[in-house]
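Two complexes follow with chain A in common, the first pairing it with chain B and the second with chain C.
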Partner chain A sequence: MSFVAATDVVAAPPAPERPWVVPRRTQALGVATLALSGVAAIGIVLVTGLAGVDGWAVAALGILLAVTMVRTARAGTKERIDAFVRLAITAGAVLAFVPWISIFGSVLIKGVPGLHPGYLFQDMRTTVPDDELNVGGAGHAIVGSLMMVLIAAVITLPLGILSGVYVTEIRGRLTFLVRFIIQSMAGVPSIVAGLFVYTTFVFATESFSGMAGALALAVLMLPTVARTAEEVLKLVPDDLRSAGYALGARQWRTALMIVVPTVRSGLTTAAILGVARVIGETAPLLLTSLSSNNYEWTPLGVPLASMPTYVFGLLQIGSEYATTRAWTGSLVLLFVVLVLFVAARKTGGKDRR
Partner chain B sequence: MAGDWRSSGASDAALAAAPPQRTVVVRYDSADRIFRGIVTGGALVSLVVLGLIGAFLFARGAEIFSDFGLKFVTGTQWSRGSDDGIIPDEFSIGPMLAGTVIVSLIALAVSLPLAVAGALYLEYYCPVRIRKTMVALLDLAAAIPSLIFGLWGVAIFSTFGERWATLLSERLGWIPIFGSEFGNFGRSPFVAGCVLASMIVPITTSVAREVYSRTPRDLVDSCFALGGSRWGAIREVVLPYGRSGVVGGAMLGLGRALGETVAVYLLLNLVFRFNYRILESEGGNVASLIATKFGEATPYELKALVAAGFVLFLLTLLVNMAASAIVQRNAPRA
Partner chain C sequence: MSAPTTTTAMKGDVAEAMPPAFQGLEARNAHVWFGSHLAVAGISLKFPQKTVTGIIGPSGCGKSAFLRLLNRMHEFIPGAAMAGEVLLHGADIYGDGVDAAAMRLKIGMVFQKPNPFPAMTIKENVLSGIKLAHLKRQNHDDIVETCLTRAGLWKEVKDRLGASGGSLSGGQQQRLCIARSLAVEPEVLLMDEPCSALDPVSTLRIEETIRELAERITVVIVTHNMQQASRVSDYCAFFLTDGGPGYLVEADATRAIFTSPRDPRTADYVQGKFG
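On to the complex of A and B.
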């Protein structure tokens, strides 16, 4: 070693070998195989009885299987099994992801024709679902949804934070129980939450209302908010708590003025995720807030429109224009979910230093 | 972790000389006690709400349970009697309960392999470049409202589902569950199950991905070091390590499928008959029964619907409690 260094000081060190990196040639070969089998599969679909996208996928998978078989013909059993498993897992993953991509695509394609400038502001008071698509809109439903979701968030956020604080700060005997209950509550079917509010709040007030819808949504939202709040509160380092105690702060001051503010944006994320969880819930609203065709600005006493029930109602009419309106409503709904989701990512990233 | 400083290099002599550890006494003053009380109260609200849901549904449905007894769960009729009471009301949810279980089991059977494959792919096969996008897509998919899944199922998927169902029935029709009486394959439990499967795949996949990613890296690496293939490492280390987590995730998905309302409502013809043929276009589940009958129910029928909700609540609560027990038992190993 020292000999080499003495004679040839300026020689560049040998390029580090990276055996785990797949060579470009192999990568290109893989892509080429995929593309070729795709094209060949089109041929098969045209010639034989297989039809449609699914037939094409089956044909392509068959070809890839054959290719794998040929390529590993001379390899050992271990390599061959490994190659087939890789193919199977990739195919399974593709099959898992395709429906979601298909949903995004179809909502976009079928929803856009129903969009017009007034869609977000007009209501359906003077419009029947079969009218031309350039009149009427979902403004009332958007307002209703926002109102209910906001009320639900105002109810659940403090409760969610409290149960997160209980698990991370109080650390009492009930920690396990609280977690367990929240987990189980996450599984309460949405229609059961609707029935519950119906048998209590709607019975008591004797009217369907936005408030009832908000309460039902709150039941569904609480587990999400509580769990996320707990997760972010757990990220607060114990040093901060010790520092608080060392400064002479009591537990309540430490918790409320140090721990909770530290994860402020994380708690915002919790609220956003909770909203994203319930914004598209339909079933509970069918039993609590019903729907309406015009703007309502009060959460009490009158049925309130919402995006999901708006879409649901249009779907039940089933005519062409109504269905297009429903797709457009879904597009708006999906867009809102997407925005919430991006917002959650953005705010969630801030706490981590 | 605790007490590490004692053993890290301290000799016995030094240990003996170390002053005895002080016992820490925690005293809460009144402000703290109020604070702790409020927080504990807030944390227990979820318990109270869960209890209230059960109690109220049971109380409102009690009349039905005492009128019909066990027959409410096993009977096959949902019919309103005549107004004069000569033909009595008869409410029972047998076929719907069976339908709930059948559709959910189909969803589970379809989703589990896909979810495991998806999670393994994301953790061990996916090119690094597209991995982040795929994970974001997965998280987003978990937030797609079930209404949109139902809409997509009716408009897009049903064509495929019907074709697959026809194929299944032609080839495997001799197996009773794939048999068909009418040769009409649209709007069947099979199609609904497949749509529900794509709805619960994100849930199961994210849980599975999380447990798979917690597999100790050393164990996987030593598998490779011993000359194992990637599949070898997955089969011997990753899958056994993540098994209970995946089971828990699958049960969470099952719980979601059991209570699904709107998608099933849109995808299935509600027919009140025990139907074990999953390709036949009839079925339904308890949740969609409630949504269907709610609008024009008589007061007594409404009580029956609440009772049905109570049964559904119990069913999902059991599944979810089992799921969270399994997941939590698995968690501390991380």
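On to the complex of A and C.
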């Protein structure tokens, strides 16, 4: 009886402690080691010939190595190896962030001074690149880039996903050919894609245009989307296809209603990778959509501005204000890409599991 | 209702006096190859309507290969081939001009591993067959309730029909797969070790479901579990292999197979002496 009663007495569940909470003392020790190593490295940089951030990083890594060696002096071989490999991998991971931080840092630092409330909406029609930074903007370039990427995506996504479905689901006789063509397309230099559209579409319509730019981007986007879609579709277990067939479904219904929806989030990734591949492309656009200082709302008949050509054009001028405008353009381009990706993730959704 | 019997294929006397076609599913002298490897040889079996037939035998004796032959699912395995006939109510499902997809609406299948569609809700899973095959059906809600009830799952999921099929437990997923198969109103349901991935309680639920299904449709179930075969089946077929292709040793009423088998190998197997 007392056994039963005992369960009623228990008031609050104990706080979780093992194994996923690192004890305070261990945490503090780790932070202290890192901080002391950092400070000691500053000392080394001041005293010895090592200089700058790189010198400091090298010194800090050396100190951490020494600390690890002392700390594991009494430990077994496996424990020592574990400590060193852990240090090496952590250092490598931190190292991988360096170029990332460097790029975003310089774009932020150099781009922010050019920002003003109208930057996202104004165009450069009445603004000379050397004007004060509180007039003019990249609104026309954002619109142009979005228009061309949207058209390119509308052309490419169905084609890319269909070719992925052909290669993984239908496995027809042309599978080899489709794969081969897509792989060769992936190797086409972007300027060649631009030249291709220049000698065909631009010549035929006798005009640079957003449509021409979108076509060049589509040529570059297709292989990325198709290959990613193929890889993603390959992940669908055959069980699901069998289940579809056993329900009396034809192959195309099974592919369309079961296989493709199952990897919806993966296909969203394919689309994101495709957009990421082309949104910063400059060379093919110089031959197809050229550039413009005005808002244009049509993809036909007139040259169209875009973020990369906007940045490229301003950099070519070379004056201080124009260069700052170019950096601001780069910053906005990064931001637009971020917004696109977040939006795609939200709407493309996650796989329901 | 006649017992499934091993009929030796006799040439010549088939065309003479056309007897009324056997109602149910029938395999005649069926063979299965994977590439050049003969996996199943010379199986003749009858599955009368509204009965449960268990197919038992040790691993590798071609039970599953034979089952997949019965609704042409084996055609999706590259290199698979067959010889012989499979008849539904006397009509060859491998005959010229037979639409395999339409035929599979009548002969459904439940697989070893539960495979609900992960991108669909529970309700959508049940209705998926109707959508996939473009069937015209009214009262989708009624179909969902009926099928889930018949699969023994309705009470557990009626309040969360909008949840993902993948959020259910393994046993519930398998019952969802059974409900999904029932929604297209098949005449025959083939089950390939439907309980082998499940716990005993879920297994019991599914066995109850099978018994209830037998009041309406024909069930053929492959199982490794002899107790299961003795519990759920009306008839039993025992397959065996001697290293070569699998063949049929004996088929009879389940009680006869388990109490007074004619072949000593059957007796040894059902008593657990090998396999």
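Points to keep in mind about this one:
Note that the second predicted complex is superposed on the first by the 247 of 353 C-alpha atoms of A that agree within 3 Å, B and C clash if a C-alpha of one lies under 4 Å from a C-alpha of the other, contacts with A are read in each partner's own complex, and residues count from 1 in each chain.
Going forward, contacts are C-beta pairs under 8 Å (C-beta built on N, C-alpha and C of every residue); 3 or more make two chains touch, one makes a residue touch a chain.
None of the values given here were measured: they were computed from a predicted structure.
Once chain A of one complex is fitted onto chain A of the other, the partner contacts of A:177 are limited to chain B, with no touch recorded for chain C.
Contact with chain B, but none with chain C, is seen for A:162 once the two complexes are overlaid on the shared chain.
Once chain A of one complex is fitted onto chain A of the other, the partner contacts of A:261 are limited to chain C, with no touch recorded for chain B. Between chain B and chain C, it is B that contacts the larger number of residues in chain A.
When the two structures are aligned on the shared chain, A:191 is found in touch with chain B, with no touch to chain C.
Shared-chain residue A:52: touches chain B; no touch with chain C.
Using the contact criterion defined above for the overlaid structures, shared-chain residue A:250 touches chain B and also reaches chain C. In the superposition on chain A, contact of A:283 is made with chain B only, not with chain C.
The interface of chain A with chain B overlaps its interface with chain C at residues 250. Touching chain B in their complex are the following residues of chain A: 52-54, 78-79, 81-82, 85-86, 88-93, 95-97, 99-103, 106-107, 110, 158-159, 161-163, 165-167, 169-170, 172, 174, 177-193, 195-196, 199-200, 219, 222-223, 226, 250-252, 255-256, 276-277, 279-283, 286-287, 308, 311-312, 315, 323, 326-327, 330, 333-334, 337-338, 340-341, 345. The touching residues of chain B, counted against chain A in their complex, run 28-29, 31-32, 34-36, 38-47, 49-50, 52-53, 56-57, 60, 113-118, 120-122, 125-126, 134, 136-141, 143-149, 151-152, 154-157, 159-160, 163-164, 198, 201-202, 205, 229-232, 234, 252, 255-256, 258-262, 266, 287, 290-291, 294, 305-306, 309, 312-313, 316-317, 319-321, 323-325, 327-328. Those residues of chain A whose C-beta lies close enough to touch chain C in the complex are 237, 239-250, 253-254, 257-258, 261-262, 264, 351-353. Remark: chain C residues 71, 73, 76, 101-105, 108-111, 113, 115, 117-120, 128-129, 131-134, 164, 166-167, 177, 180-181, 184 touch chain A in the complex.
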